[in-house]
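Below are two complexes that have chain A in common, paired first with chain B and then with chain C.
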Partner chain A sequence: MANIGYVALLLALVLALYATVAALVGARRRMPELVMSARNAALTVTGLLTLSVVILEYLLILGDFRTLYVAEVSNRAMPVFFKMTALWGSQAGSLLFWSWLMSLFGGAVLLRKWGKMRTLMPYVIAVTQITLFFFISLISGIWTLLAVPLEALGLTSGAQLLADMVNINPFHQLGFTPADGNGLNPLLRHWGMIIHPPMLYLGFVSFVIPYAFAIAALVTRQTGDLWIRATRRWTLVAWLFLSMGLLLGGWWAYGVLGWGGYWAWDPVENAALMPWLTGTAFLHSVMIQEKRGMFKVWNMALIIMTYSLVIFGTFLTRSGVISSVHTFAQSGIGPLFLIFIGLMFIYSVILLFERLDSLKSENELDSLLSRESIFLLQNLLFLAVFFVTFWGTIFPVVSELVARQKAIVGPPFFNQVNGPLLAALVVLMGIAPLMPWRRASVQKLVRLLLWPVVVGLGVTAALFALGLRNFAILPGTQLRVLPVSLFYGFAAFTAVVTLLEYWRGTRARHRSTGEGYLRALWTLLGRNRRRYGGYLIHIGVIMMALGVIGTNFFQSETQRNLAVGESFTITSTLTGDYTLTYEGLRSLPAPDDVSRTGATLSVSRNGRNIGELHPTHDFFIPQEQPMTIPAMRYSLIEDLYVIVAGWEDGGATATFKAFVNPLVNWLWIGGFIFILGTAVAAWPDPAEDRRLALASAPRRTVPA
Partner chain B sequence: MNKKRRYFGWLVPCIILTVTVAASPVFAQQPTADEINAVAKNLSCPTCTGINVADCPTETCAQWRAKIGELLAEGKSEQEILDYFAARYGDHVLQVPPKRGFFVLVWALPVIALLFGLAWLAYLMRGWAIRRAPVTVESVHGDQAPRGVSGQLSDDASLEDGYLKRVQQDLEKLS
Partner chain C sequence: MSEVVTQAQPHTGSSAANKRVKFIIGGAVIALAIIYLIFTATQSTAAYFLTVEELNDKGSVIYDRNVRVSGKVIGDSIDFNSRDLNLSFEIVGEEGGTLPVVFNGPKPDQMRHDAEAIIEGKYDGNEFIAQTLLLKCPSRYEEGGFTEEKVEAVR
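Presenting the complex of A and B:
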């Protein structure tokens, strides 16, 4: 069975290469049959990869431990559901899964856009299939063939790295059949971790579509809006999945890792954040191209960056080059990845430079006071956050290579430098919707900004007066001079602007149709999905900002060692004192390979009893891995979050860590609204499609 | 004028006060777990990766926390304790590299990049501002009026960014 899977993989490899070559030759020589053949080959690759995935799932469920991968990530004790999700539990499986998802997207775009974008298609095929060829090659074991010649050349270490790659073939067979497998990493046995990787992968791979169309547009010199219109929804979907992946990852970390936070600026988290940042910049700046025909080069550059970062992110995650808590997957595929990223990036940039002449802007900026210029500033800030994140992530490697000095760049760096940039972005998010395209008059702008500014300042002052007097550190210094209440003022300002936008639109409909306000709001949303979906996203972001500011500046934390019957107190910034009393420790029923211990704490707030909390400690026996599972008391105002860090004498005394995380649930609620808004914006809207088609009909360029 | 000077007169002492309060060492005979964690947060676990000493469950980190406790009890400041660990085990046990030598680049490069970006943006915009002139009307597409036209609409017309108009059109289609 495993052999069939492996053969399917090899066939997919060969066909992906064939599809790439056939598509390119067919397009150059104008041979439609050859392009057609490339298309069929590409679709067959999708089919073959599907077969491989099905077979690997079959082997996992069956528990075929002769297959190395199955033995690595599963064992007999695991429930079937976890056996199935072990498909993305480790290196080989997740690369196969990644390739399969990409081939699905590639296949879908071929089926959906074939008739409409015939001239772009050969290059779309070439881009997706060459990427697939590379990814399949990593897990097919063919690189091991190069080990022998490298060895002969005397490059022993390189040869060894390549020879070891035989192990990242998901169908690699052991010479014997182990009695049982190792089982999945316990940290991954959580539903958040089950959904998080597929979402992230979906987000990653679906960015191949806008990138492939961009490259196709450059090659064929059809650099108008065609590629942007063709891929707008794909880009939004990619962005949607990436956002969901990031949010779920944060939620999982908060609920499972037990350090009281949700985001640690870990290299692997950063790897997923970076394409999201440039992708967000891209989503905004394509609007300028659609409306005003400007910034064409910039958009190309952004999508090239975003896709390169997707591959770079996969590289960071999969190569273990920068070690982090996510060391689930390490191997010698790093160098190959670097070569691939390098070639892809250099090719894209050269192509972009060669086509600069066809990317001339149709318009110029009319005024500094315009939505275009705000968008530019926004793009710059997103890129700045990206750069800080990128630099902080790779700095340890750079430092070791260049200065031979080891270093760690931890969360304080990212928080201090990115914090103010993100705050500035929230403010811009408030100003941009008020800014008209082209040019604003100062008086009108003042009139539009008046109320939001008044409310923002009012909120700042009120919170400060109410006792919210924390100060944030000025980046790069030790000076605590930025009042945190100002950040809430920013959020309030932006919220007012965004809500006013809804109000104006609703009122306009209400006045001219006599529809009730609710109905008017509903039709408004339905008929301008991009615009009002976008504003919904902004509202989500503001809610998330409340949580981020709350947890960053008002979190309280305490640690105590207690005997049974003793209590300790943690003071919340917002609601007063929580007193926790240690009632005892006992072992709890758990699966065979886990030993579970739970503590009981009774909790009172400001002297009033409010119930019990049961933080638990799991010890995974085969892996000898402990895991602390926090107990939480949720509310919209704050979470009380407790973990049991350790105990002595069978629980006579125990150490607890408690956190109060103010407003943290707004992060998840905001995240939900954010996702909802993205779905609204991405939802197919025939009316808008017609409008866009009409708007750009006379501009459709003839292929060169 | 007088008022303004008085305001500044207060500002400086306020800043100094804030800085000293924020930076002053926590002086304690018997440091609490919280005081130890506050320092330990700035150190990275030496044996594992991506986790700070305060959150780390390993034996090594427990020993380090005990050492931090001893140093705090001796009256050492947070900075002195961090220096102690950095001198003994290397700079990479700090959560953030010290601001000297090559490590200055961690902080400097983002700032330089941002300034460069802003300068570039300013240059672009200035270029546009200078070359701006009421030029051609390339084409007008459907209802996306603002798109192809350059520099000839009144402020009022440009302020109207199409969507209220589209609301109107939708309504006309309905009726």
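Presenting the complex of A and C:
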């Protein structure tokens, strides 16, 4: 069985290469039959990879421990569901899974009617299939063939790295059949961690499609907005999945890892955030190209960066270059990744330079006060956040190369620099919708911004007066002088602008059509999905900002060792004192390979009893791995979050760590609204598609 | 409604160039500000990642700075008072240099002889006051992999 899977993988590898070459030759020599053959080969690759995935799933469910991968990530005791999700539990399987998802998207894009895209398609095939070829090659074992010549050249360590790659073939057979497997990493046995990787992978692979179209547009010099319109929905879908992956990752960390936070600026988190940042900049700046035919080079550069960062992100996670809790063990695939990213990036940049003449802007920036300028500024800020994140992530490598001394920067660095940039982005999010295209008069802007600014300042002052007197570091200094209530003022400002946009639209509909307000709001959303879906995303971001500001500046934290019957107090910034009393420790029923211990704490707030919390400690016996599972008391105002950090004498004394996380649930609620907004914006809308098709006529319409 | 514009109004060369200069200056100011922010924040937050021997060689230069040090735990030196959560132990570098460490927080399960410790905090010349403690033990679960445990000091 495993052999069939492996043969399918090898055939997919060969066909992906064939599809690339055939598509390119077919396009150059104008041989439509050859292009069709490439298309069919690409679709067959999808079929073959599907077969490989099905077979690996079969081996996992069956428990075929002779297959190395199955023995690594599963064992007999695991429920079938976890056996199935073990497909992406480790390196080899997750690379196969990645390739399969990529091939599904690459196939789906070919099944559509080609129509106007006919000339672009050969290059779309070539780009997706060469990417796919690279990923399949990593797990196919072909690189081990290079080990012998390298050895002969005396490059022993390189040869060893490549020879070891035989282990990341998901169908690699052991010489014997182990009695049982190792089992899935306990941390991954959580539904958040089960959905998180597929979401991220989907986000990653679907960004390959807009990149493929961009390259096709450059090669064929069809650099109008055809490629942008063809891929708008792909981009939104990629962005949707990437956003969901990031959010789920944070939620999982918060609910399972027990350190009281959700984001640690860990290299692997950054790896997923970086393409999201450039992708977000791209999503916004393509609007300017659609409306005004500007920023063409910029958009190309952004999608090239996003694609490179997607591959770079996979590289960071896989290569072990920067040590992090997430990384898979060191392997020879690191150098191969760097070579691939380097080649694709250099090729893209050269192509972009060669085509600069066909990317001339159709309009000039008219004024510093215009929507175009605000979008440009917003793009710069997103790129700045990206660059800061990139710098901080690669800093250990850079410092070692340049100063011969390894140094690291931690969360304070990222928070200090990215914090103000993100705050500025929240403010821009409020200004941009009010900015007219081309040129704004100062008087009109003042009139539009007056009330939102007043509300923002009012909120800042009111919160400050109510006692929210924490201060943040003023950027560029070490002085804590920036009142944190100002950040809430920013959020309030943008919230007012965005809600007013909904109100104006609804009222206009209500007046012109006589629809009731709710009905008018509903049709408004339905008729202008991009615009009002976009605003919904903005509202989600504002809600998330409430949580981010709350947890960053108002989190409280206490740690104490208690004997049974003793208590300790943690003070919340918003609601007063929680008193937690240690009632005892006992062992709890759990699966066979887990020893579970739970503590009982009774909780009172400001002297009034409000219930019990049961933080638990799981010890996974075969893996010798402990895991602390927090107990939480949720509310919209704050979470009380408690873990048991250790105990002595069978529980006579125990150490607890407690956090109060103000407003943290707004992060998850905002995240949900954010995803909902993205779905609204991406939902197919025939009327809008027709409008966009009309807009592709050579004359360019600009709303006054 | 919307007004149809075929192309932007033709600009006189000098005013278009003027505008471009404005945008370039604006962009440059923003870029410089961000680079300055990155520079100062890197300077104030970067922590050296040192071995025990390197730490001892640096001497008083690093006394006020946040540093990260890696070494192996010496089993006999581990002392833990669970009531006030005072943990002290020594780590040893590859060339035999030792460093006494104090940490105020829970004792991690993996705190045992030969565990690879990565500590972050400040050194005052006598002892290292650790703010975070990360322990790595060879994993039986994954070939060449590690199980990690990270704890933070009571603030």
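Simple rule for what comes next: the second predicted complex is superposed on the first by the 687 of 704 C-alpha atoms of A that agree within 3 Å, B and C clash if a C-alpha of one lies under 4 Å from a C-alpha of the other, contacts with A are read in each partner's own complex, and residues count from 1 in each chain.
Keep in mind that, in the parts below, contacts are C-beta pairs under 8 Å (C-beta built on N, C-alpha and C of every residue); 3 or more make two chains touch, one makes a residue touch a chain.
This structure is a prediction, so every number in the text was calculated from the model and none was measured.
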item: Clash or fit, chain B versus chain C on superposed chain A; value: clash
item: In the superposition, chain B vs chain C on chain A residues touched; value: B
item: Which of chain B and chain C A:569 touches, first, second, both or neither; value: neither
item: Touched partner set for A:72, first chain B, second chain C, both or neither; value: second
item: Touching partner for A:406 - first (chain B), second (chain C), both, neither; value: both
item: Which of chain B and chain C A:508 touches, first, second, both or neither; value: first
item: First (chain B), second (chain C), both or neither touched by A:364; value: both
item: Which of chain B and chain C A:377 touches, first, second, both or neither; value: both
item: Which of chain B and chain C A:291 touches, first, second, both or neither; value: first
item: Which superposed partner A:388 touches (first chain B, second chain C, both, neither); value: both
item: Touching partner for A:531 - first (chain B), second (chain C), both, neither; value: first
item: Footprint overlap on chain A, where chain B in one structure and chain C in the other make contact; value: 259, 325, 362-366, 368, 373, 376-377, 380, 384, 387-388, 391, 395-396, 399, 405-410, 412-413, 417, 476, 478, 557-559, 561, 626, 645-646, 655, 699
item: Partner chain C, residues of chain A touching it in the complex; value: 72, 90, 182-183, 185, 259, 325, 329-330, 362-368, 373, 376-377, 380, 384, 387-388, 391, 395-396, 399, 405-410, 412-413, 416-417, 420-421, 475-478, 557-559, 561, 622-626, 645-646, 648, 653, 655, 657, 699-704
item: Chain A contact footprint on chain B (complex, rising order); value: 15, 18-19, 22-23, 33-34, 37, 42, 44, 48-52, 55, 57, 90-97, 101-103, 105-107, 109-111, 113-114, 117-118, 121, 124-125, 128-129, 131-132, 138-139, 141-144, 146-148, 150-151, 153, 155, 158-161, 163-164, 166-168, 170-171, 174
item: Residues of chain C defined as touching chain A within the complex; value: 1-8, 11, 16, 19-20, 22-23, 26-27, 30-31, 33-34, 36-38, 40-42, 44-49, 68, 82-85, 105-107, 109, 120, 139-145, 147-152, 154-155
item: Chain B contact footprint on chain A (complex, rising order); value: 259, 264, 266-267, 291-293, 323-327, 362-366, 368, 371, 373, 376-377, 380, 383-384, 387-388, 391-392, 395-396, 399, 402-403, 405-413, 417, 436-441, 444, 471, 476, 478-481, 504-505, 508-509, 512-513, 523-524, 527-528, 531, 557-561, 626, 628, 645-646, 655, 691, 694-699
